[in-house]
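Once you scroll down, you'll see the structures, which are given as structure tokens.
Here chain A shows up in two complexes: once beside chain B, once beside chain C.
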Partner chain A sequence: MINFLILPLLIPFLTGILLIFFAKNVVIQRWIAAISALFNVVIAFLLVQKVRNDGIQTLDVSSWQAPFGITLVSDMLSALLVLTTTIIAFTSIIYSFRSIGVEREKYFYYPALNFLIVGVIGAFTTGDIFNLFVFFEVLLMASYVLLVLGGTKIQLRETIKYILVNVISSALFVIAVAYLYSVVGTLNMAHISVRLDDLGQSGIITVIAVLFLIVFGLKGGIFPLYFWLPGSYYAPPAPVMALFGALLTKVGVYAIMRTYTLFFIHDTGYTHQLLMILTIITIVVGVIGAIAFSDIKKIIIYNIIVAIGVILFGVSVMTPDSLTGSVFYLIHDMVIKAALFLLIGIMIAITGTSDLRKISGLIRRYPGLGWTFFIAALVLAGIPPFSGFVGKVLIVKGGFESEQFWGAGIVLASSLLVLFSIMKIFINGFWGTPQDYKGETNVPVRKLLIAPVILVTISVLYGVGSEIIFPYISQAAETLANPSVYIEAVLKEW
Partner chain B sequence: METSMSILIGVLFTIGTYLILTKSLLRIILGTSIISHGVNLLILTMGGLKSGGPPLLGQHDTTFTDSLPQALILTAIVINFAVTALFLVLSYRTYKTLGTDNMDQLRGIEDE
Partner chain C sequence: MKTNDLILQTTTKVVLFIIILFSFHIFFAGHYTPGGGFVGGLLTSGAIILLMLAFDMKTVSQILPINYIYIAATGLLFAGGTAAGALFFNVPLLTHAFGHVDLPILGDTALHTATIFDLGVFLVVVGVTMTIIQTIGEDE
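After this line comes the complex of A and B, so read on.
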């Protein structure tokens, strides 16, 4: 069982390769993709249990000892994120059956989707900074393909911008790794942490910390670096949008969490203060965008930016409470964003437009869709029995404990405006007089609804059963708050 | 040696940044290419340019140059090669479909 933690990575990888051979046979592709994704959910669940029982799992690839080879590390945070990723992958795949269209499916849609999952899971699991870069490239390359697949005008245009931004941020990532390597002389994350501990935080380390913040901020979409996100996420079809919104930015968020709790912890006065200011502005900008637009895609896209701000605000505060809240909120947000994108995907399929002013009265004809959306909206805003609540409470509590009243206050106020923005969709889109839309009879709403209902159910259970889940989350946050646990698990003899 | 390399890399980055900020799509791709050259040279320089034998065990040298940055560069080169190939094909396709390579005319969202 020592190779267990590589399995969630290997399964989509092999599936992706296998699917290339069945490119023209869509039915076989669907079956293989769905079954392997479901199998992967089970594997990831077992991995979470294993980490829960036996502590952090590490795997030295090819048995080269820890700082010299590549080490894969599965602590509770990464195991939970892997589980969430596999669930989102599975639901996106079954949603794709009815929505993506045979033309796209014939041109390597499922292989690209599987390779995207490989990149995301690899980025969550790796313990080596350059390997993290490689997995970033794997997921980015797959995301370019998924974004442009279909080749409509808007997709071509937005893919150019998306590739350009990511090529530049990847170049910056390599620069940051090169600088860090010249200072510490190692690439293993745990070993870097040990070396930085010996060096103390000199000026150059702070510079590298800010450079990493720029790199991962570009991937994750924090305040001055989010400009590419609204346009790029607007272009692709709904299941791809759900994958992007739920996974891609969260990989950047995870990388910031990792580096800012493992590497750069010796001069938090500067780096974490900077992060805090940026996250607060991120929340404000996201909220402004979310209430400004009357386009349902844009509203959800700006809600991603708000959530990134909230999660990273918890990280920048660095109290045990706020870190726990961040982990809790991160997983909640991944699930609910995927669900919301899939739901608005159905709305757009029915109405043929994403303009809120042209939609009304959907709940008369589609009560299932309407009430699922309503619950999802409450979950997103963090109404108490649901899952957004616990995470935000802990983040706000951490903020008040460390006397960051402004930041915590803005996190609280943002919930209200997020609720307003999402209820705007509900009230304008679902209430009012029913309309007839062109081509709505062709939309298999019931079948499409399966995937978002699964996700919404999971996030409701996640909130209601937070008592059961909490030990897992606090185990994840413990590694973040206390990096020596991580270091000891990777470098056994140190 | 490191100093002159740093200056050269700085020049490459300047040119790359300038090209990325221009309007023509092809210039932008050239810019990203030049930046990635700068990045690769930067890894090499940051690994140290102390003289030593090539990292081959059969060479009877006592000191070797650092082999790790060379492996990193090799990885970065092929990744960048693939991305550039995709980017070029994409820009060709965009030119075919939209009929322009001017970034100013690639603005906006279809239904706004």
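After this line comes the complex of A and C, so read on.
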């Protein structure tokens, strides 16, 4: 079936529309949302297998030939990211049943969630730079709704900041695309790459490269453009926070990966050096934030920033090893960040506070929660044999191979501080004398724990079974290291 | 003091149908001349807003007992359905079909599935615009 690669996008789209009609019937909404999300995981898994067996999948939408119509491209990288997205979507949905509250569910929570997934999957799958912009807007609009839904004071305040920043960065995105279009005269990503190859790297293209870095850096949260992130991600409830932390910034990271390995590869001395410096500072800023705060949400949020720095450092080095490491670490980070946000969501539900100084001794009453969190912490920090390890080793190896000793050293040192920041939550929150918290008996901890346990299990299997998964990852990195594979798949006769 | 809107209301009753006819014209002419679903939808909602200005919200919702959110969702369903329809013929998504059909009264007419997609756009625009106006208007 030639339309197979669009199914992961089409299913949440049609589900989202269908759910609007059942807005007031929460039970039906839950069932439809969960079943379609589970179905989508299966479809995405089959897509990964298809890309593995048959190579890069492309679809010329509306039957127009490649550079003239919109082409959707599913290479291994995008297929894997789509699979990860669908898994996170499914777990967030089942976590929402017990945590988000009927009031929010009645006001189009599940439709907005499904449209967010449409935007994320579309951004991962598209092969057209302006279509990428459109899918960015789809996911941003849905994220505005999810961020403000509920209408508490902090949500309103942070949503205004978030919308302001994203409207400006979207305007910059349009301007950057306009510049690029006036230089190369095409919007198809593979075709842009061919045209840029003919032009070589003139000054204007370097300027456009930096402009794209600013745009996607604002979406993805790299230094110095991360300033909006800690506040905005602090506001929404836990499942929304998990979706944001796991998916939204990673779309920006993916866009930088794509453009910096497909378009701007002719003057890497300037553009990739700039990216490298920024990513190293991003890591440093992230770990400073992670160890400075004693608020569990803030600690995890600053860990997102660290991970973005680590992934993009691997991209900026541009060796096959470091690119493989980046892809591996990207998927690892999406899964484990979602798991951690869901876990601290349970902690906050039990204790009613996110202040670490007011929490202690949780492991006595909630051993399941405690040990799941402990494993998640080890996975996050990259203790072998868990999944953070393989990616980081490859990134550091790539860094040393290309003699970026400072950068690679900082990536290594950051692991230690990440481990420290996350163990601070475990030691202060779970050990110590047990306390009584108001309203803790109303929290269905076991039912809430299902979703994070699924994610942590996947994460552990991902690390332990990295031998099996590795061929997929290296296939994904091969496209990044060698853009001609991508170009040939899209523009057949070029 | 009770204001008398007789002139406004009478004019609205006449002008309303002209605007709606014009918006349908714009909608159907979109393929060959400037226009299409977006402008057509905005004009139709303009007509309904004129009705709301001349009368009041409650009267209008009695005349048109419609939940505009469902209108927008129906529009999405039309557009998405046209796109997904291609799945059944195993051609790439959104591939449109067209042809000449001999209709009973109109005779030989060129029909194109892009019109159904445009109808989806039309409904979404009407639904979204009216939802915005209605929610802000009824907000106390």
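By our rule, the second predicted complex is superposed on the first by the 494 of 494 C-alpha atoms of A that agree within 3 Å, B and C clash if a C-alpha of one lies under 4 Å from a C-alpha of the other, contacts with A are read in each partner's own complex, and residues count from 1 in each chain.
Heads up, the rule we're going with is that a residue touches a chain if its C-beta (ideal position, glycine included) is under 8 Å from a C-beta of that chain, and two chains touch if they have at least 3 such contacts.
None of these values were measured; they are calculated from a predicted model.
Participant: Chain A superposed: clash or fit between chain B and chain C?
Facilitator: Chain B/chain C on chain A - fit side by side.
Participant: Which partner chains sit in contact with A:164 here, chain B, chain C, both or neither? Use first/second/both/neither.
Facilitator: The answer is first: A:164 touches chain B but not chain C.
Participant: Go through the superposed model and pick first if A:134 touches only chain B, second if only chain C, both, or neither.
Facilitator: In the superposition, A:134 touches chain B alone.
Participant: With both structures fitted on chain A, tell me whether chain B or chain C touches more of chain A's residues.
Facilitator: B
Participant: One more residue to check, A:62. First (chain B), second (chain C), both or neither?
Facilitator: second
Participant: What is the contact status of A:179 with respect to chain B (first) and chain C (second): first, second, both, or neither?
Facilitator: A:179: touches chain B, not chain C.
Participant: Between chain B (first) and chain C (second), which does A:10 come into contact with in this model arrangement: first, second, both, or neither?
Facilitator: second
Participant: Report, please, how wide the angle is at the C-alpha centre of chain A between chain B and chain C, in steps of 10 degrees.
Facilitator: After fitting both complexes on chain A, the angle is 40 degrees.
Participant: Quick one: minimum Cα-Cα distance, chain B versus chain C, in the superposed arrangement, integer Å.
Facilitator: For chain B and chain C in the superposition, the minimum C-alpha gap reads 8 Å.
Participant: Taking the touch rule as given, give the residues of chain A at its contact with chain C in the complex, in rising order.
Facilitator: 1-3, 6, 10, 13-14, 17, 20-21, 23, 59-63
Participant: In their shared complex, at which residues does chain C touch chain A?
Facilitator: Residue list for chain C touching chain A: 69-70, 72-73, 76-77, 80, 83-84, 86-87, 90-96.
Participant: Touching chain B in the complex: which residues of chain A?
Facilitator: 130, 134, 137, 141, 144-145, 148, 151, 153-154, 156-157, 159-161, 163-164, 167-168, 170-171, 174-175, 177-179, 181-182, 187, 231, 234, 353, 355
Participant: For the complex, give me every residue of chain B touching chain A.
Facilitator: 20, 25, 28, 32, 35-36, 38-40, 42-43, 46-48, 68-69, 72, 75-76, 79-80, 82-83, 86-87, 90-91, 93-94, 97-98, 106, 109-111
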